[in-house]
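A, B and C are the chain letters, set down in written order, and residue numbers restart from 1 in every chain.
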Amino acid sequence: MADETTGYAIKLDIFEGPLDLLLYLIKKNEIDIYNIPVALVTEQYLEYLKIIKSLNLDLAGEYLVMASTLIHIKSKMLLPAPDELSEEEKEEDPRSELVRQLLEYQAFKEAATALQGRQLLERDVFTRSAPLDDDIEKATEDEDELIEVNVFELIDAFHRLVSRIDKKEYLKIDLEKMSLTDIINDVMERLNCEKNLTFEELLGEETDRRRIVYTFLAILELIKLKMIKAYQTSAFGVIRIFPAVES
Amino acid sequence: MENYKAIIEALILTSETPLTLEKIYAVLNDIEKSEVKNTLQQLIAEYEERQSGIYLVEVAGGFQFRTRPELSPWVKKLKGTKPASLSPAALETLAIVAYRQPIVKAEIEDIRGVDVSAPLKGLLEKKLVRIVGRKDVPGKPIIYGTTKKFLEVFNLRDLSELPTLRELKELNEQKEVEAIEEISDS
Amino acid sequence: MENYKAIIEALILTSETPLTLEKIYAVLNDIEKSEVKNTLQQLIAEYEERQSGIYLVEVAGGFQFRTRPELSPWVKKLKGTKPASLSPAALETLAIVAYRQPIVKAEIEDIRGVDVSAPLKGLLEKKLVRIVGRKDVPGKPIIYGTTKKFLEVFNLRDLSELPTLRELKELNEQKEVEAIEEISDS
């Protein structure tokens, strides 16, 4: 298994993927990338996959997808002779999409190398690393203090917790649930301001079906959680919701 | 000949603690100790002469760059604009509130396995978490939820923009296939 | 009159991340912005002239003191640790995010031709890449972008300092050649 931190991997990782392997074959055979002899390249590509297989190494599924793409292009190239084709068909070289992909990938490989060649912090250049002077305390406890933290840290923290406690019910977090939570928060905020509300008041001018359904679900959820109470004055009268506990 | 002065200056800047003579000797092992000392005195004098905002000082058995004491009002003012970060306890508590809200304290503690009074108080003060209401069960516990400021700090339009655990798990799993039977014969 | 140069120099030294112009303006609120900029240029030139071990560089939207690259062997010797380097997979993924941001995972995978879960997670953990939001298409995939730390680590003032991709140039040249050929054929 590839270890991201060390960068070393046991699988035939001199290649970063099928495109990388193809670029290598093109370079090795001194092929013009705009005029790839597909038969030759396909043969060599499959040869490499066989080697990987014989070494009993894991192979990313993408290598197989590329193999079938190559075989497909090869068969298309074998079909009609070019001069029997119309102008329009001529322009449609079966290799063109692959060439575009290869060029694009090659460009990013070069960009990656260029990045690596820059003056990297903590490799070529260094900054001050001493902790801030102890004698200078933070000036004021700012009311609107800036906080530096990102979303990835938040989900990562949550993930660590979940894996620690191993309670499957906490795993049930999806977009649907979070959308519902958004509305639950809205409902509670409005109830705090207005003390009681009808379902109609809660929806206001809302006509979005999804929003209406979610608002209804939010109310059911809040009743279940004993956070709100719903009262009906008569059998078919309006339903009015109140905070379960007066603040 | 190497430019020892430049090297020593760079070493002082990057050292986490005041840079000791021993460490300098260890890095520049072919240089006379007296030359190191002379170079340091020269550097101290240069910074003194320049009357810049920085000076080189011998402190705690080593050498360190510091800002001039008379500039401390400005440095303090800058510190006031420094973004605070959240402690791991606060971050975990915030994650639970964000993903499991509306939630009461006992439920947060059930997940974290420890008392969360302190981190929860901090999050309320930082206005990342708010009191949403109370639950109508014995003890009438307080219910917590996240705030608008929470969305601002994390640069989210709404809560549904938060990444899910499934998406995080996807980043942890690399797809691989072992067999290549189908193509090897073609 | 205050010695603005000394103050700015002190502020740069104490700031943990490259000090932005905005922060300088906030601390020195009574000074002309053009004067701040002039003073910074003056400071950069002074450090350049001194040929010392430290230089002042504009990076990641701010200003920071750094050690000269040619001194890195000595600094590394002092630190004694090998810097963690990025794997080729991580570097390629980072390059794609940098040039094509905002970008979703599937688009990165289209370009690299392989799964990018592991390198992407590594970049998120190293804070070189961040979650920007969600794309408003079915499935609401997460959008990624680079961070300020990316600029800081790779010594870039801003994203526009990234060199142009060769592919774009070459593809355009190729199109031009084809166009010329077509003209000459007709």
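Quick note on the criterion: a contact is a pair of C-beta atoms (placed from the backbone, for glycine too) under 8 Å apart; a residue touches a chain by one contact, two chains touch by 3 or more.
Note that the structure is a prediction, hence the values are computed from the model and not measured.
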Most remote chain w.r.t. Subunit B, using mean C-alpha positions, is A
Counting contacting C-beta pairs, the top-scoring chain pair is A-B
Note: subunit B sits from subunit A at a C-alpha centroid distance in Å of 25
For the pair subunit A and subunit C, the C-alpha centroid-to-centroid distance in angstrom is 22
Residues of subunit B that touch two or more other chains sit at 10, 13-15, 65, 67, 75, 77, 79, 81-82, 155-156, 160, 163, 167, 174-175
Subunit A residues touching 2+ other chains are 2, 60, 126-128, 132-133, 136, 150-152, 156, 175
Per the touch rule above, subunit C residues touching subunit A in the complex are 13-14, 16, 57, 64-69, 72, 75, 79, 83-92, 94-96, 98-99, 111-115, 118-119, 121-122, 124-125, 127, 130-131, 140, 152-156, 162-163, 165-168, 170-171, 174
Counting only contacts in the complex, subunit A reaches subunit B at residues 1-2, 46, 49-50, 52-53, 58-61, 63-64, 67-68, 71, 126-133, 136-140, 142, 145-162, 164-165, 167, 170-171, 173-175, 178-179, 181-182, 184-185, 188-189, 191-192, 222, 225-229, 243-245, 247
In the complex, the residues of subunit B that touch subunit A are 10, 13-18, 64-67, 72, 75-77, 79-86, 88, 91-92, 94-96, 98-102, 111-113, 126, 128, 132-137, 140, 143, 145-146, 153-156, 158-160, 162-169, 174-178, 180, 182-184, 186
Subunit C partner, complex, touching residues on subunit B are 3, 5-11, 13-15, 19, 23, 26-28, 51-54, 65, 67-68, 71, 74-75, 77-79, 81-82, 155-157, 160-161, 163, 167, 170-175
Contacts from subunit A onto subunit C in the complex sit at residues 2, 4-7, 16-20, 34, 60, 62, 66, 100-101, 103-116, 118-128, 132-133, 136, 150-152, 156, 175
